[in-house]
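In the two complexes below, subunit A is the common chain; its partner is subunit B in one and subunit C in the other.
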Partner chain A sequence: MKLRLSPQPLEWIDRKNPLTFTFEGKEVTGFAGDVASSALWSEGSKVLGRSFKYHRRRGLLSFANHDVNALFQAPDMPNVRGDVTPVQEGQMFTAVNTFGSLASDKGSLVELIGKFLPVGFYYRAFYSPKFLFPKWERLIREMAGLGKVDTSWTESRQPKRYRHCDVAIIGAGPSGMAAAIAAAEQGVDVCLIDENPYIGGSLDYQYVNEEALSETRSSLKSTIESMANIQVIASAYVAGYYGDHWLAVNTDQGLIKLSAQSVVVATGVFEQPAVFRNNDLPGVMNASAAQRLMSRYAVAPCKEAVILTANPEGYRAALDMHKNGLVVKAILDTGSTDSEWVEQARQSGIPVFEHATIVEASGRKALQAVTFSVDGVAKQLACDGLLMSVGWAPAGAPLYQAGTKFAYSHTLEQLLPVSLPEGVYACGRINGVFDILDQFKDGEQAGLAAALYMQGKETPELNDYAAQMAHSHPYPIWQHPKGKEFVDFDEDIQFKDLKGAIAQGFDNIELMKRFSTIGMGPSQGKHSNMNGIRILAKLTGKTIDQTGSTTARPMFHPTPVSHLAGMRFRPERLTPMHAFHQSVNACFMEAGNWLRPEYYPSEASREASIAAEVAAVRGSVGLIDVSTLGKLEVFGKDAVELMDRLYTMRMSNMAIGASRYALMVDDSGVVIDDGVAVRYSDEHFYVTTTTSSSDSAYRMIQKKVIEWGLQVTVLNRTGQIGAMNLAGPNSRKILSQLTDLDLSNEGFPYLVMRRAKVAGVDATLIRVGFVGELGYEIHVDSMDALQVWDELMRVGEAFSIKPFGVEAQRMLRLEKGHIIVGQDTDGLTNPFEANMPWSVHFKKPYFLGKPSLMKLKNEQQRILVGFELLSADRNAMPLESNLLIEDGEMIGRVTSIGRSAALGKVIGLAMISIDYSKPDGELHIKLSDGRLVKAKVVKTPFYDPDGLLQKPDEEVHNKEQGAAA
Partner chain B sequence: MKFVTCPSLGRRALSEFNYGGRLEREPDQETVSEKEWADYVFYHNGAPKTQIEWWYHRPTGIWFLFERNTLTDRITKVDFANKGISNEA
Partner chain C sequence: MSLQISQKNVPGLLHLRGKKLNEILASFDAADLQVFQYKSLAENQFVAKLGEEELYVCADGSVSVSTEHNQYAFRRGDAIFEVAGNWKNLMAEVCIYDFRQSCPGDFLMVAMAGISAWLLIPEEGKPLILGCDPTFGHYLLETLTKQIETSPFLKTERENDD
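For the complex of A and B:
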């Protein structure tokens, strides 16, 4: 049965360009511009998909981008919307959600046991016995979900684009087009957005046969095309409205973030289906779907139709059918519409039954007959199409998201916007305006007002053009003793399911939604929520306004994750030594925004390369680029005061030229940063921060300077200064060849800072011990840093110097038991838990977080301890974040772990309950595979506990911990 | 996304700013009771109101104070944050 009509005046298909594709293995022919559903329908294929739960045969419903039962599977794309996606030559589609095939779907057996699957079944049935749950889960997962994702997909990212306009108009139907022109005439920039490939909206599909409007139509369209200040964004939907008139506009080419000064919402209304027995049979569809099918694709919805209507729109659809030579067997008017329409229908030979009640639709695989009753007398009519025109619900997502209040109008039996936020306007059918000429006027005034508003001009009072009669049936629900009246076509929710949910106490709209899953399918209730609200209101004896509606959150429509992600775009920072790292093929890792060498591949494997770097530092000398450290300079009258207030240690008693570990906590006493502070002069400090927190620490310090009203200047010199750490027993021998500075223990002791020339360049040198060897951190202007680095490498050649990366440094510092903030600490760790009580100087009158630390000091429950693994099994290596278990309870977690070559053991740090922290206490670490391995608590530092190596030839008198770098 | 009209920078996207918490006077550490301190650090009243907030403009590195209504999300005043501001809060 061919259903293609003769050419239609506004059709979207290109008859000169026929094409062929396959559906379920069968060849289908259509034209360029066809969508899969229209091409299939034109060939008489009315079963386009299977329903979600009962696998019932389904056809078209809305033909408005929300036909969830006509989703198609392409090889590379799941859930292609058959009602809107133009089909391409040679495409191969199958139905989604079938077991076997569309024609013979084993899943439909579910329907036979349907009465044992009451509403809320999943929530209630699978709780006990508990051991069966995994079986149920597997079954449900197999049954649930739509479409198959191609897991060998290729990543394709679409950039997010930004766009600015004065007035954004959502929807290019009659009122939207009028609004665009009215706004543009004020000289402002207008963006006109429509989800369809062409503008026109209902003016085209509802009024295609209205001769009197054809001139207006072409004038509107040509005006829009000719006005340079109107940009049409077609094939795009507004996925979300955000503050200050930001619209997320989704297009095939990615997301546009559209910033407007004012917004006109002309999104119109969704036609709502009638609820009656077998209202889901293929062939039963919304009247507007039939009109779209005919006017856009020149495809007849059926050969012989019955129209169920509660408004003039149904009559108009009947006349459109008639005009196309199709048989309209009857118009079933649920009430009595305007006699003019009845007269017109009868003149065209269409019988009209007023005050008719629909009883049921029937047919085996598709609609074959409609049963209705008039005055209590049932009648049956054979037909292959039933067009439903019983009412409308607002396509109100952008309005709701902007904060618009809606109220139910009993005149229109429709929800209407009643209080609009500033700069947001509505027009057209969403405003209840149903007369086409009034829609133009409503659009004009909204467009004008939006333009005037954004120009800061006074806006005129808006006229109310809303219709004075109902265009929706107040309760288009007709129960049948045998059921199968579908309310939600996505989720197969029937009238009885909602009734059951309400009876079980889920009688609030949000509760009913979640329990019954109404409106939770892919169309998000666009064709079910309004009827759901009507049913709930009726059964609970409330009004529609009292019943309320669910929240319409973004995204308005399923939006590809790749569009939301956009292109990866973030800054990448390179250190001054990057050219060197690249020249030796360093393996890079990301550290905040920075690229840092993770290791330098010198050996066959990553592990061997890192081990060689560690060995070089321990055995002779190594050089690491630490330019990524945050570097702040603090100077001014109150510099000392600021340093004392920011850090937990006392800084005011630092001698000039001294360095000190600097630990920062927040108001709650949690460790947020550490570094090394040096004192250049009385009123001048230089302090480092961790790589990742340089920006946030600087920001916070600036804020504190303002809060505390201090006379001090803080400069962020992170990018201006390059830094490197020369470490190892031979480091002094190398450095001495490049500087005149006295490097003897007396001349440059441990933890002291010196300023001198290194390789001819002004440098700040700090003797540090982060990695546990004699070492010098050298800070120079970033322009000179590479030169100094190269010189150190050149001189170091005689000592087999090795550059070392982040991984080697992590191992070296772990052997010393030095923490890394953010790895060994978390968002709750205080200095006592980090096992650094020595870093908190309570005698200071004030510092950040002091009251919190004073309290926390006496309430310690966990502590960072060192441990060594007792198991020698190389296949039982714990990972960071593995848990420690005692008596079946979790007592802590591993924060750092590594195999120490120097010690010949696996060592690590763990944050554990203080009850288990005694030295030599046995611990049990649970591996990722569930096995437990034994470890024991050991004191830190693991390596060189007395710090002899970082202070060679010096007597050990200072037990203060080494400085971190 | 929102826009902020700044006294010296003009109309800027809010995404250029970092939120820095509401303006609040830190209790005197010497005399504060545990409860007062806990209230300051942890217990924030989230009831809708107009409050002064810290906002940091990243491109220029300047701290601003916005007067913002947390219910309507409308920013009614934008000022530079001046030194010693917490004493006036």
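For the complex of A and C:
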């Protein structure tokens, strides 16, 4: 461990727990708590990755979760961030974006032709000749992108979680910690969020050697730990700030959706690199990166360092290096800093060059020397480390996303928040406060204000603790005739690239970003945007404020898709008879949220099983679970009025105990739902809806009740009531064994409702004929439904009863020509087009959609008709949605189709142009393979057109029973 | 205590709508019950006031309603569960509601894991009772169990179990 330092006061590593992992097949040793980059660096491996475009060697830069040139490929994860991800024993990493190895990367040959590849070259190249484009595309795809995803990896979804607090504080550095305590002291719930595993922030790496602060540090941390109303969320970052102070907090475990009443942003600042020739050589890094490396991981950034600085922070870094026994060869001060710092440096034996200008860094594989100039005289110093401390940019994403306005301060040479939304507060260095004691005060006042705000109390005027001297260089960019001054390390954007983009007219910050791709890499401009803005401002002669900045949108930091996806909540409904369906191995299908039996596999094939179910209903008896129907109870003084207004047919003249088809249209006259309404009493109706629209119909009705000001209650009882349809010529005989109800035609006529006990439980029975046979829809409380079903099946056994599924029901109702809303209608179909003019009662004073229907009645252009296929070719079976074509023009589409065993032909419904709807008219259906098959228009119902089977004479019925028996 | 969920068998649950329901409340000695509060009657039994004209009654014995008073009673077959342990931690996985606002004795109706559910907020340390439409019971039990067993946020709760 060549660069490992002696123990540091606040180090994060556990020296008692050494570990080994491999990088590109070579063993690397470190300690528990080390990140990949710190462990590699401690062994003297300074090349941690290759750059995106030119494959240049790259080392550490920020060491703050933005080092995208030090990404690693793990067997189960691409792009592991080496600067923040703790390594585990036995882990295996390889480099990303290399062709060969990190040491010998063939991709670096790109740099040889670099001058032909300026930014935006791909916008102009590769278009001609066209036939070569696919080859270029393959090459570019091969070259671009970082990391490899193995598509055989298991899908991963991390849960999302809600959390609520009164005050959220983003950033647990000195001001954030002070803010948390101040807010918590007001008795409010505080969430303190920090991206690091430990709270402390810059207090723990910039001031680690400041003896005077050690007591304050301990006090802050222990106070936070002791306050039950402060919840620390560590190793987490706020990825997005949304309305009403909702924060997307990303953690290793998943995303937390955090709701706060007020928010304090104490996110600090990003250190910005200087731009000069070869500023990307391994060994050149931000001074704060060096401080983090030393204080957290006890690793020396180098052995011999030169410090380039424009602020006191650079001097502090130099003194930290010196304290750790490292050689600081010189401090290159770009100006003339406070003499106290110069004095301290000189007392430590560190030479200080004021008004220095950096010229270039040099070295073959890593930094070996720095050339600078003082008063026009060039000097060179051999070194293996160059620490840059030339300025800061606000880590302002949460503030920007909250709607904060920033303005450039020429005093600090930094963007500062100037107009904060209500309930949002900023403190610390993002506020321009650089003195550590002032940071505590700024945090305290922000925390207090945030707590008072959320309590609805008056907030005090906030003091301005911003520094009165610049901590950033106004233009830390030094051009070199030979170039290679990197502005964006993610995308290898150089000064000349930006200059070229601006010269070509991309001289607006948003245009420059998109053309040059500055700030579009994985670090999203955290170390390049500020320099980009400075360059654009300088080259266009504008101020920083005039130049503006790009829009900060969520996510602030790349967030795993698995975290964004979250755990899937896909509600699934089971009917009360599900246990039965399962017990007979029903094949299920999804119908909205519901699982419904599609068919019961009683025969060798699906088709044969469905045919057997159809035959059972037509020949004897079948039972279908229709619990999925929507079921609404409508009661109250205005129940009649509501029913009349909701449905196209008159409901007010229904006798108690009657049932009626209930068709609902929307304001524009489009069919949206149908079902059956029954009247329980003067002021009480029960109505069913289609399976898919029970919730939407209920919502719409509730809205209308309020809109119309009616005194009526509507209860959605869909899940509370189980329903089944017993259908077939023998249904009456079976039912009669389970109820005392008079089932005769006189006692219980067709389309009438009765309430009676069935199998010992209270039931509502409706004589309906959806499938075209004598039938009873039986509705019972859900807890009783299975019992009734089982009894019907038991008694029905003597009649070879079969449960039937959705597919059989579809065929049975098709034979009767009954529509299914949503299948035979679409989002534009009105009742006239659905061939149901009888369902519209215009004599009613009003019903929903009446004005539209009165107009539409005379403008009908299409109609739903029945057809039968003329072709006997079994291989020429049309499908639903196949088109009908006449004279090369589309005249309609098939909405339902099936082979009717009862009729011995293929029948269907089609929505067609009214011009082609005459009975016996020939139609041509275009199959999916393009062939045309002939059909002809026929009247519906196809089966039992007079409806005699639904209302069988009892004598006839008895004969049938005898025959069946 | 570790997080545990179990399905409860309760006596019949009735949904009452209509006028003059206070008389029914009074029969349970709960005339002063506020809207969105419940009163425990005996084990697994309660009466909850959902509105001035709406009650849930989960109790042995009969409740008499009067059509003359425009009262309607509907049986409910809700799936009812008991969640023992740090139930708020589990709820945070599936429900947006800020449970800091709730007090013991509150009856809440919330959206949870994509469906509607009602909750009886218990005294500190007591299990949460929650119910939902019976057709979603299987889904909710499966979903909450999966969260308890797999969510990394609930790791501590699982470790308590070990």
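The rule is short, and it goes like this: the second predicted complex is superposed on the first by the 593 of 965 C-alpha atoms of A that agree within 3 Å, B and C clash if a C-alpha of one lies under 4 Å from a C-alpha of the other, contacts with A are read in each partner's own complex, and residues count from 1 in each chain.
Rule of thumb we're sticking to: a residue touches a chain if its C-beta (ideal position, glycine included) is under 8 Å from a C-beta of that chain, and two chains touch if they have at least 3 such contacts.
Since the model is a prediction, treat every value here as computed from it, not as a measurement.
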Let me test your reading of the model: by the given contact rule, A:27 touches which partner, first (subunit B), second (subunit C), both or neither? neither
Kindly classify A:633 by the partners it touches after superposition: subunit B alone (first), subunit C alone (second), both, or neither? second
Classify the contacts of A:845 with the two partner chains as first (subunit B alone), second (subunit C alone), both, or neither. first
Quick one: is A:859 in contact with subunit B, with subunit C, with both, or with neither? Answer first, second, both or neither. neither
Is A:571 touching anything from subunit B or subunit C once the two structures are fitted on A? First, second, both or neither. second
For A:159, is the partner it touches subunit B (first), subunit C (second), both, or none of the two (neither)? second
In the superposed arrangement, which partner chain does A:699 touch: subunit B (first), subunit C (second), both, or neither? first
May I ask you to decide whether A:242 touches subunit B, subunit C, both, or neither, giving the answer as first, second, both or neither? first
For A:668 in the superposed arrangement: first (subunit B), second (subunit C), both or neither? first
Output the subunit A positions appearing in both contact lists, the one against subunit B and the one against subunit C. 257, 259
Per the contact definition, I'd like the list of subunit C residues that touch subunit A in the complex. 15, 17, 67, 70, 72, 74-77, 92-100, 113-115, 133-139, 143, 147, 150-153, 155
Of all residues in subunit B, those that touch subunit A in their complex: 1-3, 18, 20, 26, 29-30, 32, 34, 37, 40-42, 54, 56, 61, 63, 73, 81-87
Contacting residues of subunit A [partner subunit C, same complex]: 158-164, 189, 252-254, 257, 259, 567, 569-576, 578, 594, 627, 633, 635-636, 681, 683-684, 713, 715, 717-720, 781-783
In the complex, subunit A residues that touch subunit B: 242-244, 246, 257, 259, 667-668, 699, 702-703, 705-710, 716, 845-846, 850-852, 855
